[in-house]
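Think of it as A, B, C, D and E in the order they're written, each chain with its own count starting at 1.
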Amino acid sequence: MLVVRSSHKPSATKRTILALIVGIILFVGSNFIDEYRIFQGAQVAAYLVGIVSIVLLTGYSGQITLGQGAFMAVGSYSAALAVQEFGLPIWITFFIAVLAAALFGAIIGISAGRLSGPYLAGATLAFAVGIPALANAIPILGGEQGLSFDIGYAPGKYADTVSPYKWLFWICALCAIIAVVIAVNITSSGLGRQWRAVRAHETAAALCGINPARSKVMAFTVSSGFAGLAGVSFSATVGLVSPSGFTLALSFLLLTGAILGGISHISGALGGAIIVVIIPTVFESWTEEASLGVATYLPGIIVSALLLLSIALAPEGPSEALHKLRRKH
Amino acid sequence: AQGAATPGVTKDTITLGMSSAQSGAASPGYNKVGPAMRAYFNYINEKGGVYGRKIELKLEDDKYVPTNAVNKVNKLILRDKVFALVGNLGTATHTAALKKTPIIKQSVPDLFVNTGYSGFANPKKYPTTFMYLPSYIMEAKIMAKYIKDKFPDKKVGILYQDDDFGKDGLAGFKAGGLTFVAGGTQKYASLSQATVGLTAQMTALKSSGAEVIILFGVTSATAVAMRTAAGLGYGTTWGPQFIMGSVGADPTTLLTLAGATTPALQAATLRSLTGALSLSFLPAATDTEDEYVKKFIEINTTYNKGVPWDNNVLVGMNQALLIVQALRAAGENPTRASLISALKSKGGTFASAGYSKLESANNVGYTGYWVGRYNSTGVIAPVDGGKPVVYTTDSSTANGDVAVSTFTRPAMPADGVPTNK
Amino acid sequence: MTLRVRGLTIDHGAIRAISNATFNVPRGSITAIIGANGAGKSTLLRTISGLKRATTGSILWDEISLEHLQTEQIVRRGIIHVPEGRSVVTELTVHENLMLGGVWRLRAQKEDVAAAIEEVYQLFPRLNERKKQRADTLSGGERQMLAIGRGLIARPQLLLLDEPSLGLAPLVVEQIFHTLSELQGKTGMTILLVEQNAMSALRIASQGIVLDQGRVVIADNARAIMNDTALRHAYLGY
Amino acid sequence: MSTLLSVAQVNVTFGGLRALKDVYVDLHENEVVGLIGPNGAGKTTLLNAMSGLVKPNSGTFALYGKNEDWPRPHELVDHGISRTLQGVGLFPDLTVLENVMIGAHKFARAGLGRALLGRTAKDERVLRERALLALERVYAGGLADRRADTLAYPETKRVAIARALISEPKILLLDEPAGGLGKEDIDWLGLLIKNLRRECSIILVEHHMDVVMAVCERLHVLDFGEVIASGSAEKVRQDPAVIAAYLGTAASEL
Amino acid sequence: MNLINTLIAGVSIGAIYSLIAFALILVWRSTRVVNFAQAGQAAFSTYVGLSFEKAFNNFWLALLAAIIAGVLVGAFVEVVIVRFIVKRATSAATVTVAPVIAMLGLLGIFQGVMGLIWGGEYQAYPTAFSRDGLTINGSQIPFSQNDLFVLLTVVAAMSVAALIFQKTSLGLAMRAAAFAPEVTRLSGIRVSRIRTLGWAFAGGAGGLAGVLVAPTTFIAPNSFDLLLVFGFTAAVIGGLDSLIGGVLGGLALGIGLSVVTGYLGGSYTFMTAFVLLIVVLLIRPQGILGARGARRA
């Protein structure tokens, strides 16, 4: 007898309902939390989208990226330009950011699609350093000061009652929820499966009718689109799009978040985002009263050591490690 | 407001906040400013504080990254509920903070921002923000005036940092009526001087025939430029007059960079520095005769243990001295509003080490510079010997009025403890 | 020098690959280990060469127990393992792969290594033709030849061969088995041969060990196993 | 009897090495053609040329009676050609079911847009059903949820065949399917190939002569990149050149 | 004239990228890890050198100290950290990324420790030879005795390393251990020791590179970070597996950047590196001298 097992993953509809519930919880919950936490929540949401974009590209499609910050920059600058030059409403610029970054990703992906491993890492690294430096040189992009990107206040009569942080948080959280739902849609569809197949064995995938080059460029494009969204969310929290916002350190931080959360699952991204936002703050506050040198360098050392430790102990991320542990017992 | 307590002020404390680069690539030098301020506050606290209240400084590290700055300033205002922000560092970082934190909305006093970007001195846009440094435009105008006066027929070249800092400078030079020799306008990107060097630029400057060369960049770039120049024959076959902006001429840093602490390099270092001109608005940290410098060194030794005295410590202590006076002027029961209005009305009269007037009335910082020359021991002293001649101007790019300042610096309060009202 | 295996049990996590195996491989013999896919043959060889640790039991070679030695140390005692799956270093050339097999032998033996490489080239002329080519451009069978060749360079005293005939042309298989038995006769080395191709293996072996789901079910004279039809049906599928 | 696939005058060189010289092979409907020859003779290279993994220097490629350009690997499936790899070539970190579903790629209708919106449920159901059927066919239905890298060797071979069959090929290229298998599995494989003949034609590269002789009508023998013999299995087996180059004494045992 | 000067300046800075590329390639070839912590490791060794320099005022002694420090640090890093990470991160998703992240973490630790020990200030490092531009036909060119020394050292170090890799048993063992640890162990080679040795070598090379580079860039906990980006770019352009490729890649990058910086301005420097890299890789995805990819089936 042939039984068609239902997949263990919830269907798209279930996912959407789940997302709605999460959204409502966040919406209601945001009224009971202090402003600073809400602001940090918005940051976490922005990082979350960035990490998701890395998980898609590196975790699923197997293309390593050290320069996701550059794609975020492309998205953010496009959005800010759209406001500045054409006076477009802010909400449209979120789409523009996604499209612009995706387009850019497609172009870069066409060349990067031929590279692998450290060669790709090298190219993305150079890109990550190059883009902010370039932005600095192009006058229309506002130099070091960058461009303003202000999502403003809640509309109409809510402008006075809803604090700007809540407004910011809602927008960033909405972006993050949409991003996660779409990302999960992709990874649980044939598309995600194809990416993983190409990652695992390019030749075998080709013989199954998948065009590996196309598949890789597609992953690059989609991931860049997410990065673009991360970029605007991120810029919304700063109110500004500037070269110093998209340093190599940002790209590395996101990658770190992706690894710590678990690079092979979208589910880890939230954990990763929380870690990269919260952990440094915690250690900084510990060492605040220490002497100058110690206060300057100790937090960095602790965070780095923690990072090393977690990679050595759970390279797949905490969820996978727990899973393995459970299987053992 | 009536009834509601002023944030950051309790019966016996006043809490201030500061966000600056304590670590990361931009931090060296600047990361001494905050601790120096704290050291001075501790000194004051020991002397009874401000009307009995002890001053606490919360120091946050933003690594010179705008996102971090927003996060940290938000933390200071929303979480730590500081009374005022003091000495925040950086243009892009602070622009972001002004946008995405409640500085303006909650009227948080935002004192003595540590940047020369003139745009912050804009009471309409940023009613609570006060500058500290003279603007880059002022500096360039003063430099232009000095060069036109002292080197009237010489060909002038410039190396500037290719960003807003350098561009502000260029605008100032233009306003000052300075023209550059063909091929004598060279720029570098802020990250590239360490990785690609400045050979291309310095070679071009040399072949342009410039006799006076302005170095309008950060200190590390100045050092690379000087060193590259040495390789091109500076001091032997090539003898241009170098003149450096204040940002790129922090003497301690410059000396270290050039190798003053490395025996093999000392002689060459001093040779290449000797004779170079530089602009400053505070006394030289090496000027131990200066009453302010003297007192600050004293305080540094006891309250900032282990931190060597240098220009950055001077900057921090001087800021702290101004802040204490502002807090006193705000009254026995200070509010954010009273602090701002006190600063506006009385800031110009505060005692400080600065040789020019503090234009707090218009949210502007110091307004003048003096020109100094490095001698053969690596110490900077006024060009013509004796007291420094201070030039003053404003930040407008429209008129180039630069005048010798008539401002006389107030004397140091007794024992370095302000008693103003 | 006999290989003595006593009460050997080996686990892959929850999977017991070998349970309580006890047998001897007499010096100078060819012993064939046969059994179905998954019987534990490879695991056994990997444990002897120290790539895998046993759960319990002991392995003695030359009265020295091997189970706590590192692979390198085991190799230096003359025990050479040619693992299954055409294991070569794909990024090195054919010649370099062969040289690798002799790297650990000291300088004094350099010439002997050269001679051994020559012998391998004679055994597999194909490899000689492909000398300078990177191993990842070889055909499947050529790779297998190279893997076996690398093992022979070290002039083993105990040679562990895991499915050497895999993917080789019938003529070559014949030739390899022939060479093995010849080499054995000439040098007196001991060979432990794992094979799917049970009949060919037993034909050159003096002893056969049949593994079934990790247990030694038979350890007997090779000829006896071949002639026992019932046994062949039960475990070898003929 | 019509010709499904024929290649002729195929030449492949790697650097200075001529791996294939004027090689030809043709394949008729519902037949199994064996491709044998010594190691390094060029068998895999020929399959690679036919499947676009190697670019021939010259040669013609005709499919269903029409001359075509040499295909690119991912176009094979659309031409109705499936191939297994000499190694096993599964995707190790995918489940068995997923592995086989990848093979059914060409039946998927949903594009990027639907994937983004999560509207792929129908597609997924169709692919899953097909994949399970394909797995059942090679008696591997029970393995569906296992990760491919946890399978035993014979199981991987079965899954690889299922993955090749799921796209309903007209032409199947098998590269050493019996390598490393035990007697029982080999017997089963021979049977499967025989059965498959009813729905497709097969080119079989194999060193296990008993399988080859049991299932192949015709044989092509390659040596040093050249066809040294071709014709009915019976005839080729007794060809002295083939015996000398390839079979050895095994010829007499068949 | 200006163009020639620009090109010459490019060679002298290119030599430095080559050096960094050299250290990266050494580690890559012997362990298949791209060592992003190299920047920190090299800076650390250079600080040790600087301490010696200050204490004894002897360049060569300091150089020796830096190299030895580099060797020790390299070995330490391999034994204490890399080994575990390489062993644990084996799944398809993590095998390439985890070591990269680990190296970034290591970089963070290095920088912090250096800051604690030596402070954050940029410091100058002396040169062995004069930095004054050589005079040719009466005109001074932007290429000094010291630049010549650096260039020759790079070429010499590369040649020695290439010789070791290509011609000695040790080199063979290193290459084999990098790609196929198991077969290598089965060939009687102590793979773990060989890997440690590879890291030690590369660490020493990093120390050498640091001391030669430091005079041009200053030394600070993070002063080599961007140089590493360029060194990595150079290595990738040259083909990560080829030491000679690393030299060529470094020189090509140096000259390219010098020309662009000289004629267009420093803002385009980083973008140029990216464009150059992409152009080279589009033509040869394996880099100028990299080996061709393996056969696919």
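The criterion applied here is as follows: a contact is a pair of C-beta atoms (placed from the backbone, for glycine too) under 8 Å apart; a residue touches a chain by one contact, two chains touch by 3 or more.
Every value quoted in this text rests on a predicted model; they were computed, and no experiment measured them.
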Next on the checklist: Using the contact definition given at the top, which chains are in touch with both chain A and chain E?
Outcome noted: B, D
Checklist entry - Smallest number of touch links from chain A to reach chain C? => result 2
Item to check | Taking each chain's C-alpha mean as its centre, the one farthest from chain D | outcome: B
Checklist entry - Compared with chain A, which chain's mean CA position is the farthest off? => result C
Checklist entry - Counting in whole Å, what is the centre-to-centre distance of chain C and chain E, each centre being its mean C-alpha position? => result 42
Item to check | chain B-chain D separation of Cα centroids, rounded to whole Å | outcome: 75
Item to check | Chain centre separation (chain C, chain D; CA means) in Å | outcome: 30
Item to check | CA centroid of chain D to CA centroid of chain E, Å | outcome: 46
Checklist entry - For chain C, which residues are shared contacts with two or more other chains? => result 137
Checklist entry - Mind pulling the chain A residues that touch 2 or more other chains? => result 129, 133, 136-137, 200, 203, 296-297, 300
Item to check | Junction residues of chain B - those touching two or more other chains | outcome: 23-24, 27, 31, 162, 189, 191-192
Next on the checklist: Can you tell me, using the touch rule above, whether these chains form a line, ring, star, complete graph or other shape?
Outcome noted: other
Item to check | Pairs of chains, among all present, that meet the touch criterion | outcome: A-B, A-D, A-E, B-E, C-D, C-E, D-E
Item to check | For the chain A and chain D complex, residues of the former touching the latter | outcome: 2, 4-5, 7, 11-13, 15-16, 181-182, 184-186, 188-194, 196-197, 200-201, 203-212, 218, 222
Checklist outcome for this item: The chain A residues in contact with chain E across the complex are 58-59, 62, 64, 66, 111, 114-115, 117-119, 121-123, 125-127, 129-131, 133-134, 136-137, 199-200, 202-203, 248, 252, 255-256, 259, 263-264, 293-294, 296-298, 300-301, 303-305, 307-308, 311-313, 315-316
Item to check | Interface residues, chain C side, partner chain D - complex | outcome: 36-38, 84, 126, 130, 133, 137-142, 144-145, 163, 166-172, 174-175, 196, 198, 236-238
Item to check | Touching residues (chain side chain B, partner chain A) in the complex | outcome: 22-24, 27, 31-32, 35, 58-61, 63-67, 70-71, 74-75, 78-79, 91-93, 95-96, 99-100, 105, 117, 162-165, 167, 189-192, 305-307
Next on the checklist: Show me the residue ranges of chain E that touch chain D in the complex, using the header's touch definition.
Outcome noted: 91-93, 295-297
